[in-house]
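Both complexes below contain chain A, partnered by chain B and then by chain C.
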Partner chain A sequence: MAMTRPLAMLGVDLQRWRSRLFYGALVVALGYLIVMPVWRLQTLAFENDAAGYESQFGRPDIGETLRTTVGLAIASLVIAMVLGTLLAYATSRLPRRVGFLRIIPVLPIVMPSVANVVGWAFLLSPGPGYLNALMRQLPWWDHLDSGPVNVYSSTWIIIITGFGLTSFVYLFVSAGMQNISSEHLEAAQSSGSSQLGVFFKVVLPLLRPSLVYGGGVALLLGLGQFTGPLLLGQNEGMKVLTTEMYRRTSESPVNYAAAAAAASPLVIVGILVVLSQRFLLGNQARFVTHGGKSFAPAGGRSYWAAFFVGLYGFVALVLPLLGVLIVSLSPYWSENLSWDLFTLQNYREMVRTPGVMESVSTSVVTSLAAVAICVPVGLAVATLVVRNRHLTVVRTIADVITALPLGLPAVIFGVGFLLTYTQPPFILYGTKWVIILVYIVLMIPFATRMQMTALISMGNTYSEASAVSGASPLVTSLRVTLPMLKPAVLSAVALMFILLTHEFAASLMVRSATTQVMGTVLYDHWSNGSYTLVAAMAILMSAVTAAGVMVAMLVGGRNVLDNL
Partner chain B sequence: MASFRISGLSKSYGSNVIVDDLDLEIDEGEFLVLLGPSGCGKTTTLRCLAGLETPEAGRIEFKGQAVYDSSARLNVPAHKRSIGMVFQSYALWPNMTVRRNIAYPLKVRKMKDAIAAGRVEETAEMVHCGHLLDRYPSQLSGGQQQRIALARGLSARPDLVLFDEPLSNLDARLRDQVRTEIHRLHESLGFGAVFVTHDQSEAFALGDKLAIMRAGTIEQLGTPDDVYNNPATDYVADFIGMSNRLELRRSATGWQTGDGVDVLVHRDLPDAEAVVARIWPEDVQLHRGNEPLPPHAVALSASLLSSEFGGRHYDVTVAAGSEEFRLRADAATHGSWLRSSTAGEPVAISFRPDQMQVYPLGEVAVDRPLVAAS
Partner chain C sequence: MTSKRLAAAVAGGLFAVAALAGCGGSDDAELAGSWDEILEAANEEGEVVIYGTVAPDNLELLKQAFEKEYPEIELTYVRGTDADILPKVEIENQTGQGTADIHMTTDAGWIDRSLDAEYSVEVVGPSFDEEAYDRDASIIEDKWFVTSATVFGLAWNTEKLPEGLADPEDALASELAGGKVGVTNPAGIPTYVDMYRKIDVDFGENYVERLAEIQPRVYDSAVAIGQALASGEIWATPMSSSTVLTEKANGAPVEFVVPEKPFGVPWYSHVLSSSPHPNAAQVLADFLVTPEGQAAISHDFIACLPDIEGTGLGTDLQAQDVPLGDADELSSDAVQAYQDEWEQAFLG
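After this line comes the complex of A and B, so read on.
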């Protein structure tokens, strides 16, 4: 016994230090990957007496650019908040027979944003837009030669952006609504509240954290909006900070410092929002509601709800997809549709076009590689944050760092990576690795948060039961924790694969002539005006995503998407 | 011989002391119950024994070997202690069948021979769940799940089995069944056990020894019989269900209740100005209006508050001055008039003087009652 004591003591200390070392190294690596590019960008903006700031913020039209950025973000946020909350309420009131419609508000996330944006251009472009042409048949617009809608105007860019953000708001609000048990509502009603009173005095206050959180995320996404303003806004010279960053790095004379300076306001707002969400999350316990019965608002089930959800699905998903599909099957894009001219010629041409098929394989390979790295890293971070409360400093840093990419627009990471990996110590520009790395950074928040949620809801008891059964920590994670996390991991994999095969903003910065992904190739053809090819590519991108989701469902069961 | 020994155990969260310099011994094959209200440190003590919680100070020995010793900086992790544990929430792994759940402790401890010898099936049979081996936990009822959890805790035949309020998620009838099963299994397998609960009837039914805890320390340690008949303090008496409390103050002529009503106690009480008496509800007699009272009994006049039918008895609450008394009235004797009685009806209550447990007023932590009941 005298012998075993020091030995055992050594073992305990060794184990403690091993875990400290492991998590320390993990945080340093993540810090380098995530913080370094942003840091490089900001130091560059301050170089030479802040010449970057002078060049960017000394411009006469900078006020206009800032106003457009903020206006786009706020106006699209308002649209998204209203629509997202209404959709969440409507899906909770769906008649049982059409309960499957619940999935519809999430589906627009599955459609690539570039495909969505070009779809709307095909529909609502003032001249040959199909919907515009249709509307010009109506008596009160039959005198027009173009319009009545101009998709290239800021109003319509805002509306389309707001539609895109609606799904994100919906995700947060509907999750919050599911946490309200119907007993809370019944308690309020039996205490004498009217239905309207219940909604305003009980439902909305309990939804406050979801609304604040979802609103925060949507605001950041709106501020960092890139695809819409770039693809649609160029016609009328619309400028926001993100498109400015792209312009400064892609048009000569290239001025990285100015691009970096343009990123600063977004970085500041992003960090503020991430930190304040962390701060607000502190006392979330009083919003946690428990109850056996799930949320079911009084007043019965409504077919109006089904109609509303269906209408949203039609407008947000079916219409743009239809626009893309029609153009992809037409010999050229014009307002006159003729069914008998439909042809698969565009697809044949797409396959022959150099670079297209390579871009598909590059997209798939880089996405899969990034996902494969993100899952274990995310699990390690989630374990650190949820299960190692004694490592206070390390876990707080890890928690904030991994939330950061959610707060900053992808464009910023794109420029930051371009800057960081075109110079020593790691020159990766032109390889797939720089794309994989930036993809990892973009996805780390999802990989971490989703597994964190799963770990928290799993609780400690299952692993404790394993430990007292005699299983070491390693055996416990292999035989108990990982198998139980499988559904959450598969959902995270599906979501990350969807988002990455769509990725456009960051890819556009770090791509090179030889290493392109689907979104960037599509953009090049859009800039060249090869619209029929663009349409075929948009369909191809959607098909690749759909195939990925299908595989995830085959492996993980049909409810993979339910966990989103 | 003490098989498991805890000495000087302390644990706190921040400034909140949960376990305070606790000493405890569990003999081989002994069933020890830790009883106390929530927050008294009973679960933390259990988790320190399991190795799921790291204490700040003290020493824990399993069969003469230290598994935790703060002075030697020794802490054997949970998976290297020979224990089994049954959780309140069952904690059956939902991704494994019942068979794999029960086999798990054997597998991870590399006890292949026991698996080959049919230990899994045998243990499942012991809890009457042999027919459920190929089901998943989600396909089982709460009672079945807790039986399987019990089987899992026992399958490796650990030296010590730890129970963390295992019955509190079950409904009343199942609770009694599973309780009986735990008792039977302990008698036949003879494992050492520590059982945490806040339910005194569970404690009395299962324990060879009871430790009543309060604020991180042990208030009384004794056999169920000992604790029932001689609760060490007012706190213990209250917690185990001796709910009737009567304050007595010395007056010029004898003793008065807290309300200043003279009362004959018919026995010597400690040399104090004021004391607290505790009486079991079962020991209190109910007397209707003008009925003669038994001689040499402590008697108080009271008024009826409520009576609830309980089969062979009525649970009656009366008010004697500002004190409320609960008592059990025999249905055969009192049923007819209680049924038609109304609240406020004048009654009297009485109990034998030796049925009072007497404690000094305001003081609590003493080893024994000042006057033992005869």
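After this line comes the complex of A and C, so read on.
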């Protein structure tokens, strides 16, 4: 008896050390993957007496670039906050019969951003833009030979960016909206308040936390905007920090130091937001929200709400897709449309064009590979954070590291990966691995957080029962935890796949000339001015994403997008 | 047992994904001895990749012509501006992870700098010694060989501007102000810097400054300008590539004329030392300077051989007659300084 106690304690110690070693190695690997590229990039900016900063911040137009970056972020944030809040309110008032419209405000996240942006260009280019051509038929604009709208102007780039950010604000605000009990609204209404009064005096104040959080995320996304300014802004010389980073990596020789310097303000803001979010969340966890039996989320039957949501869907989704579709069926992009001219030639040419079909397979393969690696890594991190509270330091580091990619624009990771993986010890340039690795980094926050939420709701009892029955942590993970997490894992897989198949910003940095994904090939053809081919490719991208959504709904259930 | 099977399945899945993703990288290939041995080795390599700034249509014609001549070798082309391509060539050379076998550019400064950086190997094909090619006037240090040339001209959309452009001054007309004229952005493309400097003298006094005053719309490349003209997004340009003639042949409402003092630039090519297919690279380099290769790559451009149908732009010029820019004037610093000045004028 005297001998068995120390032996048993030794066994427990060994197990603890093994788990410490495993999680320690995991955090080191994640640190190398996520932090190292950003760290190397930023230290480079300081080398040679901060030559990178001198080069980037000594440019005559740097003031204008900074002003445009901040202006674009704030103005598009305002649009997104207003639209996102109104949409969240409208979807909470949807009649039951058209409840399916709830999905509409989320769909712009699913639609490939490059397809959306080129769609707007086809509609609102001052010359041959279809909507412009229609507007020029109106009596007060019939004297114009171009315009009246210029999609390449900063105003319209802001509006299009604002539309894109609306979905993100909507996600946060609608989640907050669902927590508002109908009692509050009914009380306000029975006290004589109008619909508008209820919205401004009751709903908005109750939504303040969601608005602050969603606004913070949308501001970060706005500061890191890349696709709109790159594709539309070049015609009139619009520059933001992310496009400056891209330009510095398109110089000969590549000026990594200046690109790093351009990234610095975004890195600082991103890290500050991630850390403050963690701090705020830590506080929030102490509060119980609602949980009483009497809670009833607000419902409604406002057909105006249905009309508003439908209108948003038409403008943000249908119109740009329509623009892309028409150009893809035309022999060349022109304001003069005719049924006789419609042709499928562009699709035939697209299939024949070198690199296009390869890019589809590269997108799918790299996305699947990244997802396949993200799920177990995300599960390990989620387990570390949720179930290993005794490893205080390691779990805090893991939590912050895996949140970092949410705070930094993808383009920063792209440049960091280009720098890191074109040098020893791991030269991966030109292989699919560099794309897979950057995709893993971009998706780690989703993989970790979605499984973390499921783990928290699962509780400890099952895994404790498994451990008491003698199963090792690995066996418990494989036979107990994973099967119970299946719905959350499937949702995460589906979402990550959809988001990755149309990833553009990071891919543009790390792709090589012959290892390309769909978005980067589309951009190359856009730069070459092959508009009809671009349109056909945008439809192809949207189709691949739509197929992803359908598979996601089949395996993850109809409400898979709600998990966003 | 079940857990072992599950673990094996997870490991197997990850391995399969790794295999699917492919780590890339090729075995170190070497150049064979005689030309016949090179041809044989090229067939075994079975693949060749060219990066070029020439128009996509020309690269497609080249692919068809080359694969017809060498059916066992598949040609892959990558078209981009110098700003897209030069960093990639440099990274491939630096990492030793070559993708491209042949690279084609008009950047005189980069060509000059590359000679010291061992980016290229000597060309060995028999066609370089053909009398019609004139080796002495066509090859720099046995590495860079003149392949084609282009001149930039005046072009317009015939539906939007039926009266057309007679000379560069017409592109500055007030009715074209505010985004109806297209120009190229010289960012990262020294050839365009050279062009702006030349037309500032040859097209009339302070031409560039006056061009900036009408607030033209800015594009990344001359190819993109051709497409914008065809769509009616812009109405005219004083710096169109002759590729707009291909758009015209496809039915687009565009017209192109060469002005009295045009700006021209030759394309030079080289076989890269980081080439993963060194034999196929030599075969393609050789093919580029044959009549069949020239009919493809120089279609609607200026050929480096005489009497090639579909080339010449109505002149008797050969690519060797079009001088390469002055490398000293196109150093990185000089190009950056001009770029800043240009941005101030056109985008400021």
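Quick notes
FYI, the second predicted complex is superposed on the first by the 502 of 564 C-alpha atoms of A that agree within 3 Å, B and C clash if a C-alpha of one lies under 4 Å from a C-alpha of the other, contacts with A are read in each partner's own complex, and residues count from 1 in each chain.
Here is the rule we use: a contact is a pair of C-beta atoms (placed from the backbone, for glycine too) under 8 Å apart; a residue touches a chain by one contact, two chains touch by 3 or more.
A quick note: this is a predicted structure, and the numbers were derived from the prediction, not measured.
Legend: residue contacts after superposition of the two complexes on their common chain; A:Gln195 is shown touching neither chain B nor chain C.
When the shared chain is aligned, no partner comes close enough to touch A:Thr396: not chain B, not chain C.
Chain A has more of its residues touched by C than by the other of chain B and chain C.
By the touch criterion defined above, A:Thr155 reaches neither chain B nor chain C. In the superposition on chain A, A:Gly470 makes contact with chain B only, not with chain C.
Of the two partner chains placed by superposition, A:Asn48 touches none, neither chain B nor chain C.
In the superposed model, A:Val480 lies in contact with chain B only, and not with chain C.
When the shared chain is aligned, no partner comes close enough to touch A:Thr343: not chain B, not chain C. By the touch criterion defined above, A:Tyr462 lies against chain B but remains apart from chain C after alignment on the C-alpha atoms of chain A. The residues of chain A shared by its contacts with chain B and with chain C are 475, 479. In the complex of the two chains, the chain B residues touching chain A come out as 50-52, 64-66, 69, 72-81, 83-85, 87, 89, 91-95, 104-105, 108-109, 152, 156, 162.
Chain A makes touch with chain B in their complex at residues 1, 4-6, 8-9, 12-13, 459, 461-462, 464-473, 475-476, 479-480, 483-484, 486. Within the complex formed with chain C, the residues of chain A that make contact are 59-61, 125-128, 145-146, 150, 152, 234-237, 247, 249-254, 331-335, 354-355, 365-366, 368-369, 372-373, 376, 418, 422-423, 427, 429-433, 436, 474-475, 478-479, 512-515, 524, 527-531.
If you check the complex, the residues on chain C that touch chain A are 2-3, 6-7, 10, 13-14, 17-18, 20-25, 49, 51, 56, 63, 76-88, 90-92, 94-97, 99-100, 107, 110, 160, 179-180, 185, 187-188, 217-221, 223-228, 230-234, 250-252, 332, 340, 343-344, 346-348.
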